[in-house]
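Below is the structure I would like to discuss, written out as structure tokens.
First chain written, first letter: the chains are A, B and C, and each begins at residue 1.
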Amino acid sequence: MFIKNCWYAAGMSNEIQSGPLARTIINEPIVLYRKADGHIAALEDRCCHRGLPLAHGQVLDGLMQCGYHGLVFDHTGQCVRIPGQEKIPQNARIKSYPVVEQDALIWVWMGDPAKADPAQILRYPWHSDPEWAYDGKYTSIDANYQLLYDNLLDLTHVGYVHRNTIGGEPEAHSNAEMKTTRSDDGVHVIRWLRNSTPPPLYASAFEFHGKVDRWIEIEFSVGAVRIYSGAKDVGQGAYEGNREGGLGLRTLHAVTPSTEDSTFYFWTVARNFKLKQPEVGEKICQEIEATFNEDKAILESQHQRLKAQAGRPLVDIAADAGAIQARRIIASRIAAEVAKPQTKMTDIANAG
Amino acid sequence: MFIKNCWYAAGMSNEIQSGPLARTIINEPIVLYRKADGHIAALEDRCCHRGLPLAHGQVLDGLMQCGYHGLVFDHTGQCVRIPGQEKIPQNARIKSYPVVEQDALIWVWMGDPAKADPAQILRYPWHSDPEWAYDGKYTSIDANYQLLYDNLLDLTHVGYVHRNTIGGEPEAHSNAEMKTTRSDDGVHVIRWLRNSTPPPLYASAFEFHGKVDRWIEIEFSVGAVRIYSGAKDVGQGAYEGNREGGLGLRTLHAVTPSTEDSTFYFWTVARNFKLKQPEVGEKICQEIEATFNEDKAILESQHQRLKAQAGRPLVDIAADAGAIQARRIIASRIAAEVAKPQTKMTDIANAG
Amino acid sequence: MFIKNCWYAAGMSNEIQSGPLARTIINEPIVLYRKADGHIAALEDRCCHRGLPLAHGQVLDGLMQCGYHGLVFDHTGQCVRIPGQEKIPQNARIKSYPVVEQDALIWVWMGDPAKADPAQILRYPWHSDPEWAYDGKYTSIDANYQLLYDNLLDLTHVGYVHRNTIGGEPEAHSNAEMKTTRSDDGVHVIRWLRNSTPPPLYASAFEFHGKVDRWIEIEFSVGAVRIYSGAKDVGQGAYEGNREGGLGLRTLHAVTPSTEDSTFYFWTVARNFKLKQPEVGEKICQEIEATFNEDKAILESQHQRLKAQAGRPLVDIAADAGAIQARRIIASRIAAEVAKPQTKMTDIANAG
């Protein structure tokens, strides 16, 4: 079960150059490409003639040409050319999707096109803010997307799953001060590790003078989790609200369901230090990737075990507070979509 | 859905030497081997004792011995020996299939044995004609067999799928003069590319004096497609009927359904030039194989996409004429087989 | 279908050292580890919190810690620690299994714990008898466990499947004197190859003076087959009961169903000669492993073929006598378990 009326990250801007890119999102195969004007188009990835995925073809003058018999489609999904014949049948068209490129990400709308409002797309200014530098990659995870949200919203896993990378002291994470706040369409979790030892990644990248006050702030909204983390020398006012002069990392975790059993995990990490040293960004990116591969192993194994015994109850613990709120938001949005078909009888009656 | 009352190519003659060969045809596992007299036998590939595929065993004095407990079967499927016991149970027998070796191919009959008429097997004299030399291979394709027929009967795909091999000019293929003729049990398509540039494969193998008149003639019958293609210097009478003195290639494309999702594609290419230069045949064969692997990639991707959304309609175009006729022939033969069970109540009544 | 009230071999003692070991037995995922006192514990391999297999975690002071959020379980399956929280919910517990380590094997009870009687576990003294030395390995087989029992109980396959290893003369095996005896819960088969040539493995390991009387004794009980084989110079009284002074091999074949389609095959081979020469044991072990891989290939192919046409009848032969008895024992034990639910209404009535 997926939310349909939602902007999902379909990829990063730099993934789409001259050729088409195939991505299956909530079970729908999509082909993305750039039009002649450089804007992105998103079409159903299935030629209406014989069903070949269009991503086998080529982008020709900003139009999508099928790689089997050469049919050409425009960004609305209309077939505009059939080699060897003049007349184009009226039904020679495929589905197109609302798509927006913003903040170095490609966002596609999977639900009712009439409801697609670009203003609802998550803004992520740190991809263009001159005071921040970022790097990113994407990890494909063979697990249900909700397990990835759970993972991101309960960071007590850091001490166990990431024992060998960013983990540090498990107890410090588990015993951190935590506050969970639910809004209408999001969840905010903040954790403070006060007077703690900076983890190796921090210590190697920034100059601290001993212990630090360390924060991890998690913002969930449907489609992405933002994690703002950092540290500042202990007692220098960070906890009270002044994080200036500290190390800051802003990570974006766009979570896009591909199928019930697979998920695209697009992530970036932005830093507010050593901006002019790309090798610092690359090193952080490599470490983050190794860390996320640890999550991937856990999530895929967990997914298999849960799937084998679907419906068996689980036991919640205190640290699950944020993840439980996020699951409720998702469940209620799915329930609302299922209950309210997109064209309702009452709408028709009211219109009459 | 498959036609059952039909001779299917099960392999090429040179594939069966001293050992057994396993082939699954229309979902039925078959083991092929040579009897003591050199003729081919075709048995169900499942020992009646414990179910092991007989192809694990060995051919012993022209009989098929199971590789598990040594039971021996003759070409009728009768068990003729059980090691360690005298009496052979009456039900110790397996199914045998009518099989004929002809024109360097092995043909097996999958339907009612009473209807197996070797005279119905497609003749292909170019495998033994002294004026032609041939080479061949087999390509296994993970797609439904009907997609392969579609592919062979609509060669407008050549300019797109084979862009990097035999393609040449896409428009020339799409705009070629085409005529489709339907007979009772076959389809004939002829395409003429008049006054056109010879494709690289032709130009490198034959001496032309500039532009050529080029023909592609496609003959579909259930089980195989024959494609006779060639070219002759422009205006030298080929179009009017005199192809003598031109380059000619005769390709056989035997299409044998293995399962709903996989197909054996046995193909040969015969040439009427440089007969005494085997390296010419090998080179053509290699190029053809590379070309057919391009088809394989397309067909397998197409199959997956169509299967994921089975039943969704497609849009026909003009170039599909031949393929549509072939599908109708197949559909009507399947429908006739389903409607007429092999032993009919009326037959019994009439016999009474 | 599996027998549940049964001790199954879950592994060999030396497989479990400091870390946990995951094994799925009759479809139930289990994690095995050593407690602080060195005894083995067996728990359901699924954390009650978020379902991660516990085998991803670590053994901490003889307790099992989940590798995701650090929950800790004792050997009864009770959660005894949740990082970051004081109170442990009452339902934070997982299933535990009766488990016994005996004769260098780990045995786990999959059925009603109240019925788990360690006295019923198969004794195998040859793993600790000073007059015998043993080696062992485990082979994973992607086939139903009953096919492995069939294989072990009908050794006429040796001449065909093991033609290239221990086979020797197929006819000698097929024509061997054979006697099958059925007890309440087991089957005993004895085969005598009198006045026969010692097989290569025997001849290379032991000094014979020509022909031998060779015995193969097979003992089936649910969970394991024991095969005691050997040979002695012909006419030296072995057949009459005095095997002393001959070569003896005792092989244990523990057969543990993992799923309907996969089986753990734990095997050891013990010898009564050249005890102080470990290289002799290693060589025998290697040859046995190569031999069992021949069985594995046959069983997996057989399993696929039988599964594709489930329910189709097979034809029994005389050599199947032992295997048929074993199948009857298994079938009747499964039927008895299905008929008698573990808590019966009559028990409750009687208790009232």
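The rule is simple: a residue touches a chain if its C-beta (ideal position, glycine included) is under 8 Å from a C-beta of that chain, and two chains touch if they have at least 3 such contacts.
The structure displayed is predicted, hence computed values, not measured ones.
In this structure chain A contacts its sequence twin chain B using mostly different residue numbers, the overlap staying below half.
Rotation angle relating chain B to chain C: 120°, from a CA superposition, given to the nearest 5.
One finds 48 Å separating the Cα centroids of chain A and chain B.
Touching two or more other chains at once is no residue of chain A. Those residues of chain C that touch chain B in the complex are listed here as 150, 154, 156-157, 159-161, 170-171, 173-176, 297-298, 301-302, 305-306, 308-309, 314-319.
Here chain C touches chain A in the complex through residues 29, 45-46, 48-53, 56-57, 65-71, 79, 82-85, 89, 91-92, going by the rule given at the top.
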